[in-house]
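In what comes next, chain A is part of two complexes: it sits with chain B in the first one and with chain C in the second one.
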Partner chain A sequence: MADRINIQAFSLQYSAATPRVLSSLILEIPRGTCCAILGPTGAGKSSLLHCLAGTMRRHHPESLSSGSIQIGDRLFDGLPPRVLFPAVGLALQDPHVQISGVRDTVFGEVLFTLENTSQVPEDPSAVIVPLLRKLGIDHLADRKPTTLSGGETQRVALATILVARPPVLLLDEPTTAMDLAAQERLRGILRGMKQTTTIILTDTQLDFALGICDQIVVLEQGKVLFDGSPGKFLRRMEEFRALIPLESWLPMKQNILRLVEKPTRFGSRLAATLGIR
Partner chain B sequence: MSIELRNVSFAYPGGKPVLRDLSFSAERGGFLLVIGQNGVGKSTLLKLLNGILKPTSGQVLINGMDTATQPTSRLAKEICVTFQNPADQIFAPTIRAEVEFGPRNLRRENVGQLVDNALSLCELDALSSHHPYDLPAAQRKLLTVASAIASGASFLAFDEPSAGLSQIERSIFERLLSALKKEERGLIVVSHDLALLLPYATTVLILARGEMTYYGDADAVTQQRELIRKAGLRLPLPYRLEKLLGK
Partner chain C sequence: MSTGQSLSRKLAFVLLLWVCAFTLPWIIQATLCIILIIIRYAVPPLRPVTDRSAKAFSRFILYSIAVATLVIFLNALLIKEGEVSATVLGISLHEGGLVFGAKTASRLLLLSFSILLFFISTPLPELIQYLQEKGLHPSFALVLLLTLHFLDQLPARIHQIFLAQQARGAPVDSGLFSRTKALFSILSPLVLSSIVESIERGTALELRGFLERPDVTPALERRVSHTDWLTVLLILLAVALLTFRILQWLTA
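Let's turn to the complex of A and B:
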């Protein structure tokens, strides 16, 4: 079952000698919703995901934190002390790091997750093959995972996380190497998962998030600059043009807002495409 | 000064053909944008340009030199290719040393100047003594671009150079594209990022199932909706909406 995430006055430093990368963050992500965290390089997007996944303490044992993180009914004072997978799944920004490389096939690589989390079903194919098909990579099942193209690797890396069905799914810039058709597939998968999964994704751009996310958060230098619905974001997007590429959206903004407010079929289709209510 | 592919086909050893019968050319001062689905052979195509891979049949000519007979060290003087994953190429202990490696080994005369220019174009000059792995991923991507620029090669080929770049680095990247055009360098770029790159491209090449299905004017490509759909590609959401909203 999906978990609610509640972050209260959370701050993080990698060490006592370095500045805060996250600063007094207050965020609530309701269960079964999708939140997109947008912002430029160095805003703290990946750091936040690593905090939620419980991987921060392992990679940076000297890091300092304050405030609290609540995931479902687990309340952590500061950083979670251990990796929370499979309760929280994190797809890393660099998919090549996610691939263990200890298995000779894509199928084996995905199965490896189920073995590590003691979730191997009687017939693993019945779970893995449909997942690969949904991601559009079933034709790669017998390929060596380390010989794939960038976009293929990104989808295999995602499969290794999705197969564990984590109730909280964190995706760190999940589409950087994907073609737009693959992005559409992932968008469909995430939409279908929302009932049972709370999703947080980071991105440097707006496009992928629209239509799946219920909440947009803009981070800059570790601080929340904006937290609201996609509709509210579209209305205020000028404010963020220096941080997020919005040049192709800005000229269309007034048109979009005018159309989605009309009770026509086109208007409601457009509203659904962009996730504006 | 040009790159020319004549009826090039390529298969990895023991595998099916990845690329079939490609013929196209790229000129200095031009910008060829290569698009296609994941796994269609775009990165393979770039590796054919600098001789890391040799065509199974056909010819790749770089400024008149056949990649089948020239050593990669000679071809590197003419064309520099960046990899999609920066970790596949970054190895030096500092950013400056990383950028210097190319021009120094190619025995360029003005190494210092080439390096300074590349670091400044990529706005990495203030970080030149840092370790590359202390940079965020987006800046590491720019570092690979800086290394290519500093090589002094007349042709530069970038594999997904804007993937993961935020607005800050995208602005830097746009500025350096304009600067490279002024320097009359030839660019060949593999990317899914039409929103950023299409306005700069002069020519577009669409790859679908190993074959070239479009090779022509960049301005006309967004009209080729059927070709784009058949190649398994989609135009960025703003492009699609623009058409709908225009009605």
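Let's turn to the complex of A and C:
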């Protein structure tokens, strides 16, 4: 069952001597929705995900935080004190580091997550093989995980998290090493997961987020500059052209808006594809 | 023979060799080194896992023979005990120094060959799985995993940084002096990138519940359920050798 995420006046500093990485953040992400956090490098996107996953306190014990984070019915004053997996799953930006190297095959690597969380079913193949098939990597099941290409590694890394079925899934720039076909496949998978999982993904561009996200948040220097629906974002996108590469979208903006507002079949299909209501 | 049993035997064998390195005469140690070089192909559990590790081991043998020769020569040069055994380029090498050098070199060779043979013949996943089955705490397993992974990736990483330096026009392959100079310029990116990757790799494992895992992995059956007599015999032999050596030392 997906969990709602509620962040109230949350601020974070890595130490007393450094500036705030996240500043008075207020965010509400309803359960079973997908939220894209967009922004340039250094905006605080990855830091926010690490705060939600519970790794921040452990890796930066000297960090200072205020405000609260609520994930489902768990409320934390400041940072969560421990890693919240499998309640919250975080797929890191670099997929290669997500491969543990303690198993010889892709199948074993995915199974390793279930072993860690004591969730190994009677027949692990019944759980793992369909997941690998869904991600389009079932043919790699017997391959050594460290010998795969960037895109394949990214999907294996994702499988190692998805196999635990976390109610909250955090994806840190998930499409970095993926080709367009793999991105489309991932988009389909995430769409299918929204009923049971709350998804937050970060990205430096808009392209992947449109079409699956119900909410777009723009961060800059730890502050929320925008929080709203994709439609609302499209209408105001000029404001963020300095932060997010929008060159390919801006010339089409008026046409897109005109088409989706028309009560035609094409208009409603385009609106559905882009996630605009 | 199960994987766990094979690993237990290998560990006991390494333990015995380490004890031999501190208890037996140098001539036996040197013989053991030669035996180790030969049996790595003859004994299946000691065969290198990959061609890369086989090549690395062969290279290591060549380097260590060079280092051993240097150690013997330096000791013979510095320790002027006993009669002059040989004269090389007008330098007299004394018998006492030669013997001491041979002792030191054979001990170092036996220690390094045995540990290296263990690691090149044991796949990392198997080792970690075995140690965890034996009750190794996940934190230690994590440290071991990160260290071994770092060592495994080190040559590739150095090569990558060398290429990057070369692409920037650094004269990394034009003579020994340039190469040595370039080595210093790769140290900082090498250390920094290794630290960053180790932290990220550790975080990724934590994010998959590695540190929270139960003591016994349910998916894996305990593979060593009965006593393996060969392992016991090897350990007993090591203990006996050690005891004998201590007694010899006390009564001397």
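Just so we're on the same page, the second predicted complex is superposed on the first by the 277 of 277 C-alpha atoms of A that agree within 3 Å, B and C clash if a C-alpha of one lies under 4 Å from a C-alpha of the other, contacts with A are read in each partner's own complex, and residues count from 1 in each chain.
Here is the rule we use: contacts are C-beta pairs under 8 Å (C-beta built on N, C-alpha and C of every residue); 3 or more make two chains touch, one makes a residue touch a chain.
On a predicted model such as this, the values are computed, not experimentally measured, just so you know.
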Original post:
Taking chain A as the common reference for superposition, should the pair chain B and chain C be classed as clashing or as fitting?
Top reply: clash
**OP:** Check whether A:Asp94 is in contact with chain B, with chain C, with both or with neither, and answer first, second, both or neither.
**Re:** both
Original post:
Does chain B (first) or chain C (second) touch A:Arg58, or do both, or does neither?
Top reply: second
Subject >> Which of chain B and chain C A:Ile161 touches, first, second, both or neither >> reply: second
**OP:** Report for A:Leu234: first if it touches chain B alone, second if chain C alone, otherwise both or neither.
**Re:** neither
**OP:** Mind working out whether A:Pro124 is in touch with chain B, chain C, both or neither, as first, second, both or neither?
**Re:** second
**OP:** Check whether chain B or chain C contacts more residues of chain A in the superposed model.
**Re:** B
**OP:** Could you tell me if A:Ile29 is touching chain B, chain C, both of them or neither one (first, second, both, neither)?
**Re:** neither
**OP:** Could you look at A:Leu79 and tell me whether it touches chain B, chain C, both or neither (first, second, both, neither)?
**Re:** neither
Original post:
First (chain B), second (chain C), both or neither: which does A:Phe112 touch?
Top reply: second
Original post:
Considering 7-15, 61-69 or 97-105, which region of chain B has C-alpha atoms that clash with chain C after the structures are aligned on chain A?
Top reply: 97-105
Original post:
Overlap of the chain B and chain C footprints on chain A, residue-wise?
Top reply: 94
Subject >> Residues of chain C that touch chain A when the two form their complex >> reply: 123-125, 128-129, 145, 149, 197, 199-201, 203-214, 217-220
Original post:
Mind pulling up the chain A residues that touch chain B in the complex?
Top reply: 39-43, 93-94, 96, 140, 148-152, 155, 173, 176-182, 184, 204, 207, 210, 241-245, 248-249, 252, 255-256, 259, 266, 270, 273
**OP:** Provide the residue numbers of chain B that touch chain A in the complex, in ascending order.
**Re:** 36-39, 42-43, 84-85, 87, 136-139, 159-160, 163-170, 192, 195-196, 232-239, 241-242, 244-245
Subject >> chain A residues touching chain C - in the complex, by the definition given at the top >> reply: 53, 55, 58-59, 83, 85-86, 89-90, 92, 94, 97-98, 100-104, 108, 111-118, 120, 124, 160-161, 164
